[in-house]
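What follows is a pair of complexes built around chain A, which joins chain B in one and chain C in the other.
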Partner chain A sequence: MPSLISPAERDYILKGVECNIRADGRQRPDYREVILETGVVSQTSGSARVRIAGGTDVLVSVKAEIGPVQVDPETGDGADKGQIICSVECAPSASQQFEGRGADDLNNEITQMMSRILCNNTTSSYTSTAASTTGSSTTASRQSSGPGGINLQKLCIIPGQQCWILYIDALILDYGGNLMDAIFMGTRAAIFDTRIPKTEVQDLGDGQFEFEVLDDAEDTDPVEGREDMPICITLNKIGACHIVDASPLEELCTEARLVVAVNRSGQLCGLQKGQEGGIEPSLLLEMIQFGKTMGQTLIKQLDTKIKAEADADLAKRQRGEPVHKLGFFAQ
Partner chain B sequence: MSEIAFYSPVPRSSNSKAKSKGNHSNDNDMDLDEMISSVAKNSSTSATLHVVTPGEVITTDSAYMRGHGTYVENEKVLSSVAGVVDRVNKLISVRPLHTRYNGEIGDVVVGRITEVAQKRWKVDLNSRSDAILMLSSVNLPGGVQRRKQESDELQMRNFFMEGDLVVAEVQSFFTDGAYSIHTRSLKYGKLRNGSFLEVAPALVQRCKSHFHSLACGVDLILGLNGYIWVSAHVPQNLDEIDTEQVYSNKNKEDITVQDREAIARVANCIRALAAEFIFINDTIISFAYEASLQHKLKDMTKKEIMHQIATEAVDAVENMKG
Partner chain C sequence: MSRVELLSPEGLRIDGRRPAELRKITSTTAVLSQADGSAYLEHGNTKVLAAVYGPREARHRALVLHDRAIINVEFNVAPFSTGERRRRTKNDKRLLEMASFVKQTFEPVVVTTLYARSQIDIYLQIIQHDGGTLQACINAATMALIDAGIAMTDYVCACTAGWVEREAAIDLNHIEESSDTSEVTVAMLPKSGKITLMQMESRLHVDKLEEVLSLAGEGCKQMHVVMDKTIRDRAEDLAAKMAV
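On to the complex of A and B.
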């Protein structure tokens, strides 16, 4: 991850973006190839590894664990909801700058962003999302599933007591630009890969409940509402234009960065502006619109890929063949 | 609206064709004696290439001497890096698979200024420590020959600023192993008019010249440290260089769309070759460029096409050799 760029390089990249030829020959709205594999970590409930050709390498895992429900002391909200807890960590091997405490800011920034978009379990965090403060956005209207999509009520086992907690952990193994998009793609793939064991609740009377987790590997539930999970498109404003999937050097030339979170129906689920520069209102609207269309295309293609892989694995299992994942022995 | 392509990972061995062909010049590969090859067989690798991981026992025979990349523990020679075992008589060393730049005096390198310090710049060369460029090892603008004064020290940032890319030559080593580099030639100095890319330092071999001007109107500097500069062609006549402009940050005005396309194409060719671990020199880059012309520029980031270009370039080089 370079942190410095020379004025001549900056000028070259800026003019290149202007005439629609980026340093690696792509045009402004071009994504690099994405390499994706799900189910790479067997200890998790669901996992995915996403690589963007040219460097970025992200491993996302989802672990479902049972824990107490979190009730908001002011509103009394959340008694009947499960939780999602996100965490992002940059491996020091990804870049020299991540060593020691170097990655703390980046970790925090991405974790916050993920939590705001995905963990909409309390109303207070819901209103603090960037999406609802912009006013112009059309956040998801259904109360049961906020912008995060995942139905948290379904994750509750005994209201007021026990629920499933989904720990979403992203590990950045290599840095080659456009982390945010890769993480969200990985999260979606990992959630699609996640299976939650079924539970059986027994009513003991007097408001006492007991539950049992069925340990049949076949009899599991997918995460409900996963199709409505948003995905992120990071738009980098360079000069008067904006590009997607910026390389590390392009990120250094970025004046302003806009992260647009959008779900499959094209609803805006979150918006975050980064870097120092400003964005003209007209360009802002154009960028949001672009992000929305791009996001929908991305979701469609990502889902096709995830489904194809899941189907292939299922077909193998039915034939009684072992499902081999390449994991880290692949390129 | 452009498409986003998703792929599944592939096993590592699937594109070994270009790899085995590309490794043509490395003929100092092992002559392992029976002892080591028997160890190699035991450790489930091929007998000709003994690959070890850190902490792996290379030999238990105390008659061997330990070289680079190894250490001795309980009278056994162990590897300290992941790499390939190399043996010269009784000396055992391990060549790492992935390494930083190990310089030699006279190497042409491309580096990035990371710090401006007292009478010196620190330069990132992808080596283990930053190299040092002394104020006394640079040319003054205008080519004036005189001792550097305090006034020069005060305006060091006018010469090189943090982030600037320079091409330089390794002059000597300091006692702590850091490189001292110099730019005291009109060939060396600040880089403009192009784009930067990085490959593994081992892929750039020492050649007669590291400055190339390709037929497609692109200038190329292959830094031995794996940093490569691809830029628009600037007619070079060492007598007519405007010596006042050597420290300018301004790109030339007339970089055309065709220039940019050619630069991006050459840069992508180099990336394609590096992805297949093929040694990079001007000949193979020219062949790769020829091979790339049948593809659209924006398609060149695709893995399949990169592989195709690299394979074709290797074949072309072999045909040329006969």
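On to the complex of A and C.
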């Protein structure tokens, strides 16, 4: 992760962006090539590795564990909900600056943002849509789960007692710019890869419940609402223009950064402006609009890839062939 | 506690290996863009990533040695690497101990006098844990150091061996490791046959030690062949690309 840039390099990048040609030959709205593979860590419920051609390498894992439900003491919310706990860790292999406690600030910043976008589910909207059953079922389910998409009610095993906790751990192994987009792409892929074991709840009478986790690897549930999970697009304002998927050097020339989180139906699920520069309101709206359309196309492409890989793996398993994962051997 | 049958009547181990058989090893180098040298090693289901930075200017003035380089090792374990999710802090005692083992292993091998007043950092990341992390880390670090072009007198090859029920066996996996078998990790320089690291956990009868050690030595030699092949293949591949 470079931290300095010479005036000549900065000038080169600025002028280039102005003429719509970037240092690596891309145009302003072009993404780099992305390598994505799911199911790379066998000890998890779901995992994915994302590598952006310039160097960014992110490993996201989802682990489903059983734990007590978390009830908000003020509102009493959450008794019938599972939980999602995000954590991001930048390994020192990604950059020398991440050595020791060097990555703590960045870890915290990204973790908070992920939690805000993925875990922020509101019950109030759920009850209101549940009451008006006249609406189409798809919109009802979408609104039921707030911006995060994932249906937390489905993760609850015994209301008020036990639930599934999804631990989403992102590990950043290499840095080549555009961390946020890679993390969110990886998270989406890892959640799509996740299988949660089925549970059977027995009512023992007088408010006592007991449950059993069914030990069948074939008969598991996907995470409900995963299609509605948002991904994010980071837009970097350089000069009067904005670019996506910035390289590390381009990130150093960025005056202002805007992270737009959007789901497949084009709803905005989160916005965050970063870095010191300002953005004019007209440009801001244009950037959000651009991020929205970009995000929707990206989700579509991502989903086709994830589905193709899952289908290919399933076909292999049914034929009894071993499924080989490339992991870090895919360059 | 019910004991698992670690050795079948036919003499095969729990994962179907013979006692003196290593798990499948696959490795590659130069996987990272930012590090000066890096390597990724899969030892059965144990997966390790090593990154090397340096030699570079020492970060803390106080640590600088005027006649040689200092080696700094940092260990990281991914929270999802083990069966149960667990976050480890950076000052976990066990991790610090492992880091110091790796440091001691490499100090006599790296020609540190060539890089006076500088620092070499080795960062190790365990992605998946299935027994034998220390050996996998040392092997990965060797390859990353070679990839970084740091002068070394020899490879460092590490291998574990232990006494499984009634026989000596090498390269123990997690199940064998966790069921109270004695385990010795040995790091060896294949050319001279010198041992740079030896660490034993649990207890072992002295009479059995020699057999276990010689088996570990055999394992180190096998590791050397595998690692050398990866390094040579990568070098040939690079040479071929440069010739065009």
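Keep in mind that, in the parts below, the second predicted complex is superposed on the first by the 308 of 331 C-alpha atoms of A that agree within 3 Å, B and C clash if a C-alpha of one lies under 4 Å from a C-alpha of the other, contacts with A are read in each partner's own complex, and residues count from 1 in each chain.
The definition used in the following text is that a residue touches a chain if its C-beta (ideal position, glycine included) is under 8 Å from a C-beta of that chain, and two chains touch if they have at least 3 such contacts.
Keep in mind that what you see is a predicted model, and the values were worked out from it rather than measured.
Following the overlay on chain A, a clash is recorded for the pair chain B and chain C. Touch criterion not met for A:209: it reaches neither chain B nor chain C. By the document's definition of touching, of the two partners only chain B reaches A:305; chain C does not.
Once the two complexes are laid over each other on the shared chain, residue contacts for A:329 go to chain B and to chain C alike. In the superposition on chain A, A:249 makes contact with chain B only, while chain C stays out of contact range.
In the overlay built on the shared chain, the residue A:4 is in contact with chain B alone; chain C does not reach it.
In the superposition on chain A, A:16 makes contact with chain B only, not with chain C. Set against each other, chain B and chain C differ in how many residues of chain A they touch, and the higher count belongs to B. When the two complexes are overlaid on their common chain A, residue A:93 makes contact with chain C while staying clear of chain B. With the complexes overlaid on chain A C-alpha atoms, the stretch of chain C that clashes with chain B is 152-160, out of 152-160, 170-178 or 206-214.
Shared contact residues on chain A (touching chain B in one structure, chain C in the other): 54, 329, 331.
Interface residues of chain A facing chain B in the complex, by the touch rule stated above, are 2, 4-9, 11-13, 15-16, 19, 21-27, 29-37, 49, 51, 53-54, 249, 293-294, 297-298, 301-302, 304-305, 309, 326, 329-331.
Taken in their complex, chain A has these residues touching chain C: 1, 41-44, 47, 54-55, 57, 59, 61, 63, 65, 87, 89, 91-96, 99-101, 167, 169, 171, 173-176, 327-329, 331. Of all the residues in chain C, the ones that touch chain A in their complex are 26, 28, 31-35, 38, 40, 42, 45, 47, 49-51, 53, 56, 59, 74, 76, 78-85, 87, 90, 121, 123, 125, 127-129.
Considering their complex, residues 1-12, 112-114, 161-165, 190-196, 249-251, 255, 257, 260-261, 264-265, 267-268, 271, 297-298, 300-303 of chain B touch chain A.
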